[in-house]
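Report on the structure given below.
Just so it is clear, A, B, C, D, E and F label the chains in written order, and each chain counts residues from 1 on its own.
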Amino acid sequence: MAASDYGLMVCMIIAISMAFFVSADPEMLQDVCVADLASNIRVNGFVCKAKISADDFFFGGLARPGLTNNTFGATATAASVLQIPGLNTLGVSMARIDYAPCGGLNPPHTHPRATEIVFVLEGELDVGFITTDNRLFSRTIKKGENFVFPRGLIHFQINNGKVPAAVIAGFGSQLPGTQRVADALFASSPPVENIVLAKGFQIGNEVVEQIRSRLSP
Amino acid sequence: MAASDYGLMVCMIIAISMAFFVSADPEMLQDVCVADLASNIRVNGFVCKAKISADDFFFGGLARPGLTNNTFGATATAASVLQIPGLNTLGVSMARIDYAPCGGLNPPHTHPRATEIVFVLEGELDVGFITTDNRLFSRTIKKGENFVFPRGLIHFQINNGKVPAAVIAGFGSQLPGTQRVADALFASSPPVENIVLAKGFQIGNEVVEQIRSRLSP
Amino acid sequence: MAASDYGLMVCMIIAISMAFFVSADPEMLQDVCVADLASNIRVNGFVCKAKISADDFFFGGLARPGLTNNTFGATATAASVLQIPGLNTLGVSMARIDYAPCGGLNPPHTHPRATEIVFVLEGELDVGFITTDNRLFSRTIKKGENFVFPRGLIHFQINNGKVPAAVIAGFGSQLPGTQRVADALFASSPPVENIVLAKGFQIGNEVVEQIRSRLSP
Amino acid sequence: MAASDYGLMVCMIIAISMAFFVSADPEMLQDVCVADLASNIRVNGFVCKAKISADDFFFGGLARPGLTNNTFGATATAASVLQIPGLNTLGVSMARIDYAPCGGLNPPHTHPRATEIVFVLEGELDVGFITTDNRLFSRTIKKGENFVFPRGLIHFQINNGKVPAAVIAGFGSQLPGTQRVADALFASSPPVENIVLAKGFQIGNEVVEQIRSRLSP
Amino acid sequence: MAASDYGLMVCMIIAISMAFFVSADPEMLQDVCVADLASNIRVNGFVCKAKISADDFFFGGLARPGLTNNTFGATATAASVLQIPGLNTLGVSMARIDYAPCGGLNPPHTHPRATEIVFVLEGELDVGFITTDNRLFSRTIKKGENFVFPRGLIHFQINNGKVPAAVIAGFGSQLPGTQRVADALFASSPPVENIVLAKGFQIGNEVVEQIRSRLSP
Amino acid sequence: MAASDYGLMVCMIIAISMAFFVSADPEMLQDVCVADLASNIRVNGFVCKAKISADDFFFGGLARPGLTNNTFGATATAASVLQIPGLNTLGVSMARIDYAPCGGLNPPHTHPRATEIVFVLEGELDVGFITTDNRLFSRTIKKGENFVFPRGLIHFQINNGKVPAAVIAGFGSQLPGTQRVADALFASSPPVENIVLAKGFQIGNEVVEQIRSRLSP
């Protein structure tokens, strides 16, 4: 490299560095990468927005119970990166789940990307998860108690008590994802072909159709 | 630190280094960590064994088709770290799946720890996976073709053809794990309580019991 | 490799596989690796214990408020892998923090290994974190609200209200670690030499000694 | 934060959330991030495209043998993220390698980003890898057998048999990369200076030039 | 999928592949992802630029000592991804730190994203780090010696010698970040409220104000 | 779970917690995991030792130049986890490389597990790396300058100057591993069969044997 090239390069490095350092908040990008939810560019996670504030790290949506007047008598309210853009790249999120009394059920589901740990806010729940060798780990948990559902394994919570129940859940992912087993198989769009479900669950086609009709949105 | 301490330390470092370098194969540990499947010590993955050979990286168990005379008409044979100890820490494994003609089904299941990519050895399969917003992605694949099942999502393969089918599957984990949805929920030990399954699938207790009786081992 | 070697190897693989499959719960290790807190062997995280139950995933210690009659008027109670061995390798944990009214302070600290997200159980808190370019992001949060403290950055919470406050915190690590800045610098064992603290905080030696005397355990 | 600001923020969060949820397939991004190979924006991996289908997870290019009428008598056909955009972020890929009889050679190379496991489709191969302490691990593998080449280590396969051979390879990366040692050193552009190669391989300049002339494209 | 769709798809795959392979340097993206520091798009790390050269992997800015005529008598010069764009995605960087004689201090700080290892170029330093249980690990290091500061822990270096000192530091991150404890707490913008600092360090408001006035930029 | 079981469990948790907390340095394990190089147990990395000191984070072995009176006229001295046990789990290490004048060569090699960044201590070097599409990136670097060699790619340094040269290298791994290409292929034990090398480098068997004889240890 000739001397003049070297000078040019040093000059360019300085120019680039200056251009970078005089922009709004370059170092900030390194500590946090607040999701720009409005961007058209999609990456693994989200691109970062340039201007951020404390409100990007705040959420007020878990303060009130979710409605439980639905098929299962339970509802989950997320506090993920979609609600708290500051969570982007930080690997953690929360949710609140509310359960109607006398059978409110968060039906069997998995989180493909995260372990879940719950803290019971109110009431009492029967909870369980199943490992890949088909062993069930279950117990009853009460107000103030914690239980863990390992990453990717099917699990559920049911409120067999007589009062409403609620939990705060912590997840080891900014967006853990939720796949409800019955909905995925019997209420997908387009539908899974009958033979897969009939043979997979060892039921007749009429039962397949019955489940479909009750779960479809 | 006094001069004598310094001398002592240097001496100890040399001694430790020598002790290390005269052991059997110290650098080997760094390139590979062959699973010591016989060890009583359990860690995330496996502890490494001291003496290794090329055979730790070899497996002959996928050469012949697995038997398909079972409930689902399909069987998976693993080539994971349990069969190939050299795979430990290396993040990849394989399996062979064989399907009987006219309905051989690898029933809906997830791999909690890996994406799967299949290559069709023989025959033709209808395959699909479902995303967390309940969309089904499915198609038919034939001999020599590939299809991908993303990590943690429910998926299945069925041989609707008239000849046997077989695939080689590659996984992005040394031990991807397999959770068959119906078995996990209806054939676990101890059993999941009926109300969770009845409400979760919107079926009666008698259907729950029927599925249980057919799936239990 | 001679034919007899091959036969021997196949035989050994079968023997090893059988030895493995007849042991207690081999597949379990893959879904979870419950910490054996009593083991003498120390690894990154913990070795796994052989016999596990649902109670390994349970903790009851966050149900009651922690005592706040200490120097800072606040106390943190952990629900980490040390309390819930089932959390080992799963990348998430919780804690409960209680704050006395009128100034209860969780003093400036970092978690070297995790982002923290809090949910306010009771009361109201002034919270903040500081980025590496010395910008403060702070606000008041109330019952039912969330706030995020990004990984590794100095942060704090103070209860400037007139009633006790409490939060449930979720962490993206099984053991996030906590380094209280003032304790680390002024109450370490052995002590940091005075000149580092005096020059680092631009204070006199007598102020250094004063802080030491008040913070030392 | 003033009450009006709070209302504004809640309103904005709702607006942003709605804007997000009415777009095509927001949750999909979380389960998969199908590579937009046509995008001008380059990141680590690929940006995700908005509209996806089952065909993004399909590839038909490994069905037929690759041509082996080249210098080495072998050819590798990739089924990586460049051919199957659905593999983006999923950490696995495949390839097919075909070998001419009587010396078809996949010459010594590394995959900087992945371990490789092969399954022999046809024929018989002599395979090996070398660890960083210069130990060779090699053996013969036949139809239906597997062998593992650990990440980053130099390895090769040669068909010393009298019929064509072929393998399906699985990789623990969406794009493992391949660096053929001889090509990298003797056929780079611009060329590596002679002294490095002559001294590095302890050969004369005329041998360096000879190798160059035979390997250059 | 109809035959014509299949043909179309194959055709599109070929077209896309060709479009990809005829572009400037497609495979390059996989080996390296040189930061495009001028891009408006911000991701976790940086987007990659299309045209790269050896100079993207070079930096000349650590050759000369940094000025030490400042408050602390020490200065750090970074060789991170901001100075060497080729470091993007590669997980390592360097810095040079210079210390004035007789008390030049790199004041207590953390690197939220990296462990640091130093090599002493000149002079002699007293160095230390503090673990989360408030234990100090410290010693004196001289020219040619190394010391390690584990990720996220508070640490410092001071030149108690009579000649200038300098180190080369290696970091396990492309941009480790630096949070100086005293600056973060006493010189942030906006300021941390007095009560947090007064109570946190057990000092009076007047000392808080005094520290502020001396540290503010 | 019966009430007595619950009491028992709480009692056991307390007992286990106490057993844990009264041991020597439990929290330490979380901040650092100093390698116990003398342990018989091998894991991915190293098991941690119980008693640690500042000297576990110190090394004095890079102070003096390594001898360069060998085949290549260069020598590398490592400061990896094998020399500095405190580096275990921390993802970074260093080395010093010395080069004789007039051709001292660190011959073409890869580090399978790390990117390398060098800082020139003395002299001047011609350096380069080759990407997987066989492009060479090279230049001359002088005292005080940095250059980067991306992970897994073949690279080299040669001292074409008239005075000795030396660099300090930083690596993004506690034990990067080094595979010298020529040694791996021509000086392995057992040897790579001639046909692989002859065909792979397009040379005759006599050249293969010549290289072998000069490189063998």
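Some notes on this structure:
Here is the rule we go by: a residue touches a chain if its C-beta (ideal position, glycine included) is under 8 Å from a C-beta of that chain, and two chains touch if they have at least 3 such contacts.
Treat the numbers as computed from the prediction; the structure is a model and nothing was measured.
Compared on C-beta pairs in contact, C-E and D-E come out with C-E as the pair having more. The best fit of Cα atoms from chain B onto chain F calls for a rotation angle of 120°, in steps of 5. Centre-to-centre spacing of chain C and chain F amounts to 31 Å, using the average Cα coordinate of each chain.
Averaged C-alpha coordinates put the centre of chain A at 24 Å from the centre of chain B. With centres taken as mean Cα positions, chain C sits 22 Å from chain A.
Annotation for chain F: residues 1, 27, 30-31, 41, 43, 55, 58-60, 112-113, 128, 131-132, 135, 138-139, 151-153, 177 touch two or more other chains.
Those residues of chain A lying in contact with chain E across their complex are 1, 6, 9-10, 13, 16-17, 19-20, 26-27, 29-31, 33, 36, 41, 43, 45, 47-50, 88-89. Residues of chain B that touch chain C in their complex: 37-38, 41-44, 55, 58-61, 82-83, 112-113, 175, 177.
Against chain E, the residues of chain C that register as touching in their complex are 71-72, 103, 105, 107-108, 110, 112-113, 126, 128, 130-132, 134-136, 138, 151-154, 156, 158, 160, 177-179, 181-193, 195-197, 199-203, 207, 210-211, 214-215. Taken in their complex, chain E has these residues touching chain F: 25, 27-28, 30-32, 52-55, 57-60, 62-64, 79, 84, 86-87, 90-94, 114-117, 119, 121, 128-129, 131-133, 135, 137-139, 141-153, 168, 170-172.
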